[in-house]
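Chain naming follows the written order as A, B and C, and within any one chain the residues start at number 1.
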Amino acid sequence: MIQRTSKLLISLLISALLLTGCWDYTDINMMCITVSIGVDSIDGNIEFSGEIAKIISPTDVPKEQNQASGVYNLLSYGKTFEEARINYNTINPFPVFLGATRVVVFGENYAKQGIEAYLHRIDSLYDYRKTLLTAVSRERPKELFEKKVEKELSVGFLIEDILTHLEENGQALYPKVGELLSDISFGKIGYLLPYIGIENNSIKYLGMVVMKDSKMVDILKVKDTSGLLYLLSKNPSLVETIPSTNHEGNFLSFRTKIKKRKVKTDYIDEKVIINIDLNLTSELQYQHYMDLLSDQDIKKYEAIISKRVRNSVISIIEKSQKDFKCDIFRFAKIFKGQHPKIYEQIDWKEAFPNAEINVDVKTKIVNTTLSDTTAKKKY
Amino acid sequence: MNKTNIFINKIDELKENGLDISIRKLSFNNIEIYILYIQQLTDRDKLSTDIIKPILLNKDCNNISVDKLASSVVYIDNILIDDSENKIIEYILEGKSIIVLSNDNKYIVADTLKIEKRKTMPPQVESTLRGAKDSFNENLDNNLSLIRYRIKDPNLRIDKFIIGKRSKTNVAVVYIKDIVNPKIINDVKKRLSSIAIDGVFESGYIQKFILNNAFDLFPQCGIVERSDTACTNIIDGKICIMVEGISLVLTVPKTFIEFLDASDDHYDSIYISVFSKTLRILSILISITLSSLYVAVVAFHPDILPPKYILAMATGRATVPFNALLEALIMEFVAEVLREASIRLPQQIGPAISIVGAIVIGQAAAAAGLVSSLMVIIVSLSIMTSFAAGDYFMINPIRVLKYIMILLSGVFGILGFTIGFILITINLCSIESFGVSYVAPLSPFNFRDIINFFISDITLSKKRPKFLHTRDKTRQ
Amino acid sequence: MNNSLTDRQIAFILFGIIVGYGIMPMAKNVAENGGTGGWFALLIATLITAIFTYIITYLGYVHKNKTIYEYSQLLLGKFFTNIFMIIYIIYFFMFFTMIIRMASEVIRLTILLKTPVCAMCLLFLVAVYYAVSKGIRVIARICEIYGLIIIIFLLTIQLAIFTQGDIINLKPFFVLEDIKSYIKATSTIIFPFIGIEILAVIPLDKKENSKKIFGYNILMVVFIGILYILVAESCISVMGVDGIIYYKDSLLATIRRIEIPHLQFLRRLDGIFLPIWIMTLFCTFILSAYGSVFLTSKLFKNTSHKKITFVVVITSFIIAQIPNTINQIEKLMDYISYLGIIVSGIIPVILFVATKVKRYDTKNK
């Protein structure tokens, strides 16, 4: 008897389940797939802009198309995030799907006021991926997204792809929302965001923006960022062009990679001491005019490269200590790892600007890429 | 004298019975010899040359008795002497000829059976590249002879049962006595002898009787058509059940993982064996899960995929009016209709159906925008992988389970998919094929057996599979 | 053929019941109470669990073919046995009921936003009913198969998370001055470790289980401890000690924060992780439900196994709907973990002492 009633109950329940509806069921093509989101603050209002993929193909386009045929822009205003979201829910045909968003762009105004609130919003929305790229734009994000791009399907794709390939070559940083959130929760350190702008009618990576307490304090241009990249990037691979010491007007182009990067911290006399050791390996890519290079020349160039790298690192560190007084290099984490008890007693925000930082760079030119610089012509 | 009258009465009875029994009367010196047989079951040449001719040519007709006839005159090899008048009809129906003498109260039963049978032909259900191509046919003796000439072990036992009140079908149980686990063989014999049914015409009936539960989804007996596979199974410690009148032989017990085994793997190199077995396991998994995964991902969790894939899926589905669940169910249904149709059709129309099906479903539906092209790919992949799975009879439960999985993941997303998978596993784990756990050797876990299964190399697998608990544990 | 469970199956049963819901908030608890050196607290908890596992296995090993009902009656008499049984039944019952409810809440909040919790609870309970009605041998087989799958995938996922993490987040590894706080932290991370009392309801057979079972069980507990440490450390390495304390579902939040670009299609790991987690939950459910059904059937000897299962499942569904807020559920789970200490620690120790004292009785029989 129990068997039969249990079977009956189960079948009743299953049919009830199926008939009352699959509660969460929404097909992907019944959602507005956002490709990129921009946040700015205008006159005290939050402005959400962005791009939504166009997936309804017009009738004269061949049916067998598997890429979105374009994007259309969204724009909405509101006093808070929630109000702005309600405003754009009222103009969109489908609910918003944020799982395919590739980049979040903050306007300068908003970045100066502080982006922490929006980062926490990203954290809480369940389908927003925490591996999003974030960036700050010089122009308002609305203008950025309204720009027509020929290189890619949409502005969001373009920004993400630019930064991806720059990061793979070690020429830029690619901060994800997840990393930013852990930095914010650590406290006492700042972080960097890429800086995008429109120049000469195309979207360009302009440098980096320093965020202290999640507020924008300073801008670093691309050419000033090399020191940063030596310290923070995962596998930086930068090119240094050195004027030749023998031959006036000749330039040698070296590609430098980091072999070892070690940061040691110490606390002596109430002063934080940070020792940075960089071991670089360098390869001669080419010379502008073919010249002979002897071993002493190579050693000279090694010294020159080391000095140059050291200068750029020291200049960026000094800038961070004096100008914006913020530890953007995550030295706080290393210090905490090595001296946890002392870290609890001191306030890193006060200690960092007065810290003594020693940088030591050693370069080794490992090869001249298969071109023989010691060969002499016969006649 | 008394008995003969009874026999003569019996003969008159039989003449009127409508059983189509032919009666040949020979007479010598006041002694009448009746030969009773059924034409359709008798080898009439044999009857004439081996029974009638020697009797007629027998010069010494003075004291003809049943014993004399049996021991000196009649040429037939298989002769029996009996005297019960009730068994006459039984013998005649079995295809034997009865020789009744009017002066004796015994009669001779001679085996002159000849029935129509196919020649030994290549297998049709189990195809192979390298194995032997003589498959079983409907004649029990033929099948037994195929096994006998391969296994010449004196311990090979063939136990015969007669099952079916009206059909009296011969069923033979073949095993090797000192390898097989005695518990299993006793269990099989007990179950066979407890079958009380009117007629058995297919091994499928026997299969249903000797198993535990009619509601089990997965097949628990293997079906063998080729004699070399049957012999491999017997040597391994399994039991073969042969039913007269059907060419498919049952092997018992059989575990899930053995359905993924094809005999070709044992004959070729190790690497091919591992590769094909992995392919088959992946095929079964794909065939059950692919459509339901599609429904779960498209409708519930598109963010599991990278962004480019999300956009591709969304644009592919842009013009489809159905939602993903309905689309999946409809496409699977259409594919199943095609499959059933192609089995039942006569050979001339078969290929035409596959062309129609491919054109209709593949091209036109996608082009008309009724289903997305991704769905077509998924359904065809799912069908193809179900064919690649190895044993045809394992595919049937998969076809049914697919729908349950699709429904569950259509309601609950990835949670439903996992729960469906769990329910299938529970069902698999709860089956015991004659005391052997259906999911052995995965559980109870035996590393050696799993490796042997994958490698399938006779030189490397020295022991028989542990889960059969055979008496003789080593092969070499 | 074999009417009892092999050694390996018992070890995997242990794995199935211990690893369950606990791995989700474990990294948060470890980081909150112990900081970066929290793995030490996990180590201590593993050792304590190993000791208790030894005690319970010893009890089962010495009293062959008997479960706790029989040997407790033998050692302590009917009155205490009934009290113990009621405690055990309540414990097992609340254990799986509360976890079903909590897991349904977590799933509702993270992936299926609109599905009502009672529908998910019902789905789980239907599967639990189906499994438990088949008996312990089927359950053991399921746990063995799933245990293998879960271990392989979980290890892969954790190692993948590690590659995306930053080892600087894990330093300092061990701070000597904080050792007191590590030991205190052990009391807050009991929940992921309870479950070993399931061994009390599994009879050990003379033929199938030899002395090796001790080795298997303890090895399994140590392995679980290492797995937990791996999980906690990998989560902390990605999110940092300060960030992870805000997430109750720390493991899922960590997985959502990383992406592995090299695995093209499976870049986002949470699609693989969620089914695996549901499978581990499921093993916990069926074992705990089996425990309560088994002991209830010992108390009510006349009713059939299936009827009791049905009643237990229905009651569980009703009770799972009672708490209204997640806070209430969490409080209940805290109480359950305290009850778990009694059930897996104190009662076996009492029985162990009784066995040792009366050892001459039982061994010479």
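Note that in this section a residue touches a chain if its C-beta (ideal position, glycine included) is under 8 Å from a C-beta of that chain, and two chains touch if they have at least 3 such contacts.
The shown structure was predicted, so the numbers you read here are calculated from the model rather than taken from an experiment.
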Pick the chain whose C-alpha centre of mass, unweighted, sits closest to the average of all protein C-alpha coordinates shown. C
Compare the CA centroid of chain A with every other chain's and tell me the farthest one. B
Just curious, how far off is chain C from chain A if you go by their C-alpha centres, in Å? 41
Centre-of-Cα separation between chain C and chain B, whole angstrom: 45
Chain A and chain B, separation of their C-alpha mean positions in angstrom: 65
Which positions in chain B are in touch with at least two other chains? 300, 303, 412-413
Sequence positions of chain C contacting 2 or more other chains: 111-112, 115, 119, 268
Please list all residues of chain A that touch 2 or more other chains. 17, 24, 129
Complex contact set, residues of chain B against chain A: 298-300, 302-303, 307, 310-320, 323-325, 367, 369, 373, 407, 410-413
Touching residues of chain A toward chain C in the complex: what are they? 2-3, 6, 10, 13, 17, 23-24, 126, 129-131, 176, 178, 181-182, 184-187, 330, 333-334, 336-338, 340-341
Where on chain C is chain A touching in the complex? 109-116, 119, 122, 126, 129, 168-169, 171-172, 175, 177, 238-240, 242-243, 246, 253, 256-259, 268, 306-307, 310
Residues of chain A defined as touching chain B within the complex: 17-18, 22, 24-29, 31, 33, 35, 53, 55-57, 63-69, 97, 99-102, 127, 129
In the complex with chain B, residue positions of chain C that touch it: 1-2, 6, 8-9, 107, 111-112, 115, 119-120, 123-124, 127, 130-131, 134, 137-138, 140-142, 144-146, 148, 264-265, 267-268, 270-271, 274-275, 278-279, 282
